[in-house]
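Presented below are the structures under discussion, each in the form of structure tokens.
Same chain, two partners: chain A is paired with chain B first, then with chain C.
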Partner chain A sequence: MADALAEQTGAGAVPLSAVIADAANGVVLALRGEGDPYALSRLLRQGDALASAALRVLGRDALAPYALDHRATPGGADDAAVVREALAAYPPGPDASEVSVWSYRGLVEASHAFLPGGADHWPQAPRAGSAWVTDDPWPRFSHRTSQLAALALPGIATDLAGRLAPRTDDLARGFIRAVRRRDWLQAAGLGRWLARLGQVPPTLGLDNGLVFVRHMSDGDARVALHLAAARQFYGRGG
Partner chain B sequence: MTVTSAAASPALLHGIGDRALTWLDDHREHFRLTPEDRGTTRGVIERLKPIGELSVNLRVLFREGVAGSHQHTRAGRLLDFAWRELLDGGSVLAAFQHEEPFSSVPLEIYSTFHELGFRHPGLESAVEAGRRTLTWSALEMVPNRRLGVINSERQTGLVPREDFDRAVSRTWLGGLPEPWTVQYHIAYDITHTVFHLTNWGEKPDGIPPDIASYLALYLPAWIEDWADLEHWDLLGELLVVDTCLPRPALDAEIWERYAAAQCDSGAMPLHHGMPDGDAAEVFDIVHHPTMVAAFASAMAVSRAMSATR
Partner chain C sequence: MIMDRTSHTETAALTAEVEGLLDSAEPEGFFRDTRECSAVLLIAGSMKSSPPTPRPKKESR
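Take a look at the complex of A and B:
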């Protein structure tokens, strides 16, 4: 998705991937308890088309540090403005994939929870289909689940998490396939979900796997974000 | 919970093996040891190995009872050819044992023929002389091959010198390591350990329950990956492992891809498509994946007709 957006925004001075990486690094620092108290609007600014695109890619993770009450001041008006702009720029259309709708929904729900303005000032969370959770064969199912890794946080998307839990074994298979393919982002996303769902088969060696993914991903900021979430919220990954 | 895919049809499974056996029979002269091969120990071993694998294949075909009458006749002729023509009634093995008195290779080849009713008393006494030594059980070899040696001893009616369970615990699979660490060579270690645990698929319940559960959980990930990589030799071996599980998947989509990779002649490519080269060169590359295809087919047809899914 990031690559497609980068093309849409043209070959500007700063590539979208760099904006995403910068914002992801800011979230990682906040999740680790390092750096200044987190404020989204310091990383992604209102009126910047790339900021909206980056927020679409990071989704709910852009607000993850606000879930750590001791590490962030509550979101302010500037933060709310950036998020509102992104939500307005990328509303899921009638042809949107279920993954896109779930991702959008996650950002809307997080905005209700952590940003000022009250529910009336935010879009309604759209209904997101979940037939794929029960119907997709494990390779496609696990790939889709990894794309929703930003929802693997305590207390959100609990319905989805409940429906994913019976397919933990399939997510474990997806983790293996992703590592084998050196798709570190997918591996980290699946590892994060496995950390959230619990009941991971002990023989998977999830903790060693997450350490391995961190080592092999060579500092990729989005991978680091998933791994930081798995460690901060679920204590997995060493 | 998992989403179970459809099982492959017995006709598709059977066709792969039928075509593979036809190709092996059509190319049987290429199994023969040349004078050059006989010149070195390595040369002999390199040629004996395929003959041993061919005999395993034919034994599986007879044992599982899945061959049609035409295929059965062809397999019987090929087996006689292997023993009489290729091994000179076992004399080739006995000669090798004379050169390498403490090698387990002749026994590993001979054991399948022994099970099928062929005998060479001279070889048996030569093997027994080697087996009496401490060297026999101290020979260094990879752990899954040690299982194969113990199996060969059992098949020829000998009491193994080593404990099978202890040998299992020394294999990669016996340790149930992280499944995402599996690479090409580890995958072959896995398949061979399963072949020996089950005596080439004869006893699926020979896989200890913890290993069977581990394989049921993770084997689909490896199968999917090596199917995508079009590594047909390894995929075929992994498909055999599937047939050895208590509830084989016999995944139709994977088997259809495997069948589509097979050449019209019956040869199964090693990796991607068929290689270039003269007939001997092509044989050297594709005889193994083609034998694996025959093995996988026989096992899958048998399990498709009997197993609980």
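Take a look at the complex of A and C:
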């Protein structure tokens, strides 16, 4: 599959969403322990703008299999080169959204943790605003949090997780709202955060809810990625 | 350095697409309020179960 994806991106004939979906599927397989040992540089090749863009959108999730050390070989120089290219090609601009800055920051943090090269080899993690965590009303707060679901992994963005924790009930309300709106990507992202934060209201039925989202999302690769992460890292979602 | 076939314009479009995907707007959606639904159901039910409006009888010739 990785080779097929590399050929597709090389031909430049596929939309970005398809490249993202294929890469997300590769990460899901690795998280489940299926397929060949994970190597990011086999999934998204160096020297291709679409591959770099897909990596920037997936963010920290592109390196998630490396956090499961028995599921992947350690990240190598080729993987580091692919990530460095994406970070250089798509830095958050001066008017970038806070979500974009947080996502970039997460990818830099994960690169430090899982890829070779010292601190000098990676761009500095930018400061990301967090006033929205306390100021946004719960629907908007939930939506924005779901967009940062790639940061819901052990040892990453611990400061953000600490700030989100007091609003766990709002995230639970957001999860229900997203399910009722049939917004499966948002529901999966919020479910993943709830799995990480713990202290979930027992009446929410998070595990059954995540199973329901999986059934209803019709195989959406990004939804599947959030659900696989919730299951592999936090044992939620059956 | 990225060296594929994308032109400068395409790269700019790709950058905008990346930002759009990272901070995408909520999809248009609706959800039904259970209380509103039950109120509508109650009104519809009571209208159907109420007796027909009395009408004047036709005179037989």
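Please note the rule applied: the second predicted complex is superposed on the first by the 226 of 238 C-alpha atoms of A that agree within 3 Å, B and C clash if a C-alpha of one lies under 4 Å from a C-alpha of the other, contacts with A are read in each partner's own complex, and residues count from 1 in each chain.
We take it that a contact is a pair of C-beta atoms (placed from the backbone, for glycine too) under 8 Å apart; a residue touches a chain by one contact, two chains touch by 3 or more.
Please read all numbers here as calculations on a predicted model, not as lab measurements.
Three-chain overlay on chain A, with chain B and chain C in a clash. When the two structures are aligned on the shared chain, A:A18 is found in touch with neither chain B nor chain C. Judged by the touch definition given at the top, the superposed model places A:R177 against both chain B and chain C. In the superposition on chain A, A:T134 contacts chain B only, with no contact to chain C. When the two complexes are overlaid on their common chain A, residue A:L204 makes contact with chain B while staying clear of chain C. Of the two partner chains placed by superposition, only chain B is touched by A:R167; chain C is not. Among the candidate segments 42-50, 114-122 or 168-176, the part of chain B whose C-alpha atoms clash with chain C in the superposed model is 42-50. Shared contact residues of chain A, touching chain B in one structure and chain C in the other: 177, 180-181. Contact residues of chain A toward chain B in the complex are 134-139, 141, 166-167, 169-170, 172-177, 179-181, 201, 203-205, 208-209, 212. On the chain B side of its complex with chain A, the touching residues are 1-3, 5, 176-180, 182, 214, 217-218, 220-222, 224-225.
Chain A makes touch with chain C in their complex at residues 10, 12, 16-17, 20, 47-50, 52-53, 56-57, 59, 85, 89-90, 93, 96-97, 99-100, 103, 143, 147, 177, 180-183, 186. Against chain A, in their complex, chain C makes its touches with residues 1-6, 10-11, 14-15, 17-19, 21-24, 26-27, 29-32.
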